[in-house]
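Per-chain numbering from 1; labels A, B, C and D assigned in written order.
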Amino acid sequence: MPATRDEITTFFKKDFPQTKCQILEVGNRSALVSHPVGQEELRPGGTVSGPTMMALADVALYVAILGEIGIVPLTVTTSLNINFLRRPKPSHEIRAQSRLLKLGKSLVVGEVFIYSGSDPDPIAHATATYSIPPQS
Amino acid sequence: MPATRDEITTFFKKDFPQTKCQILEVGNRSALVSHPVGQEELRPGGTVSGPTMMALADVALYVAILGEIGIVPLTVTTSLNINFLRRPKPSHEIRAQSRLLKLGKSLVVGEVFIYSGSDPDPIAHATATYSIPPQS
Amino acid sequence: MPATRDEITTFFKKDFPQTKCQILEVGNRSALVSHPVGQEELRPGGTVSGPTMMALADVALYVAILGEIGIVPLTVTTSLNINFLRRPKPSHEIRAQSRLLKLGKSLVVGEVFIYSGSDPDPIAHATATYSIPPQS
Amino acid sequence: MPATRDEITTFFKKDFPQTKCQILEVGNRSALVSHPVGQEELRPGGTVSGPTMMALADVALYVAILGEIGIVPLTVTTSLNINFLRRPKPSHEIRAQSRLLKLGKSLVVGEVFIYSGSDPDPIAHATATYSIPPQS
């Protein structure tokens, strides 16, 4: 049974209290998640740090998975590959649009595009795989 | 001209004040960097979050590069691939051992093994590529 | 100056005489390339071999690049990441639809979806990076 | 029950008759596999083609896995990531040294270094993941 945006947001607030990610949309094997950009996310030269983008990509795919299979906390990332494409603007929030490419019983594969502000060109692209524990 | 461990530590304190990474060793195209594990690094189930490991892998390679080419702040990560291998122990710090596989004029490729406490089996393995700006 | 489908096909026949890839479309930072599936491409269990799909992904991105920058033979692949998603049907040709995500002066990043026959679900997804030599 | 070098070589001759790979060593979660370089493996500029290296990396890890779990033909590659590091010499065979980083019940992760002739610097590095079917 799929989880709704509100259910996943509640789950995140309880289990990932430190995350700044905000879930904007979820459903249809995809999710849209935003992350504010402040002093903590910037690195020298005024660009958004790579780990901030990697964390956002991971969350956006995780949310898309929960939107399909429900709140299964033991779902874990098994691999992630990211390409950094363009310098984001330091003054804009970043958003991640994720999409599941394969939703198997035990293995999920998805891709994510990350955008800065309203720029239509992505600043990063990631793919990742997730392992879902056997359901009893 | 290579940078020493002290020079890189000073650079990080100034330019990456938010990082908790501690540089233990640098030189010979490699680096050893540790990261404490506390509430902020843990996720449900008591495991270390993936983004914490991705950030540590990125820093460990960045430090190895600065140890060869000196403090070149505009060196940027262009891609990163990570495989999560085992569950780390929640009560142990994690350490990353990096090694450069190719040190070209404009492109650097390296790999990193991440360990938990004194366990000899790695908890994660990453490869990443970096772009070095042209030197004037 | 971009290269046309005919120019790239002629270049491939001369410089890659062993490839079985057929260029169907090229332009707009993308390409569609097909590959027949015969005894040489199959592996035990009747599935298409991974290396066949990796080679096709690489060609489909290379063609999209040549379609933008012209016949630059020294363009080389610097990295490739592929996820195998579904078992292809052994009796169908495979097709790769590529798209460039970043077309920089020296670095190109793109993604590819690979399909089997008329099945709308991709059998594999790849991203790859390419280095373009400095133009004189 | 692990498979020996002779058993794996026999399996390859029967099930992968088209491969030119030669298994030199297998055991201890690793394998050494060589591949000749002739006209079919070269591309413009006299370098070894990327797909040749990707195929060799895949075989070297597959052999290391069979060396641990025995001849399990349905073991399949689920993802592969490769970085091309240096131009190989066109006149030398290439060799792949693989090593398993994780040997789980259903998921295996390994890395491979590829060398050209007697040059000690690797020409490519790959990581890949494999799915092992449930044993009955």
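The criterion applied here is as follows: a contact is a pair of C-beta atoms (placed from the backbone, for glycine too) under 8 Å apart; a residue touches a chain by one contact, two chains touch by 3 or more.
Source: prediction; values computed, not measured.
**Q** Check A-B against A-D and say which one is joined by more contacting C-beta pairs.
**A** Result of the comparison of A-B and A-D: A-B.
**Q** By CA centroid distance, what chain is farthest from chain D?
**A** Of all chains, A has its centre farthest from that of chain D.
**Q** Averaged over CA atoms, how far is the centre of chain A from the centre of chain B? Could you give it in whole Å?
**A** 22
**Q** Nearest whole angstrom, what separates the Cα centre of chain A from the Cα centre of chain D?
**A** The answer is 33 Å.
**Q** Quick one: which residues in chain C touch 2 or more of the other chains?
**A** Within chain C, residues 78-79, 81, 83, 129 contact more than one other chain.
**Q** If each chain is a dot and touching chains are joined, what shape do you get: line, ring, star, complete or other?
**A** Topology of the interface graph: complete, with all chain pairs in contact.
**Q** Which residues of chain D touch chain C once you look at their complex with the stated criterion?
**A** 15-16, 18, 39-40, 43-45, 47, 49-51, 54-55, 58, 73-74, 76-84
**Q** Show me the residue ranges of chain C that touch chain A in the complex, using the header's touch definition.
**A** 81, 83, 85-86, 101-102, 109, 111, 122, 125, 127, 129
**Q** Show me the residue ranges of chain D that touch chain A in the complex, using the header's touch definition.
**A** 78-79, 81, 106-107, 129, 131
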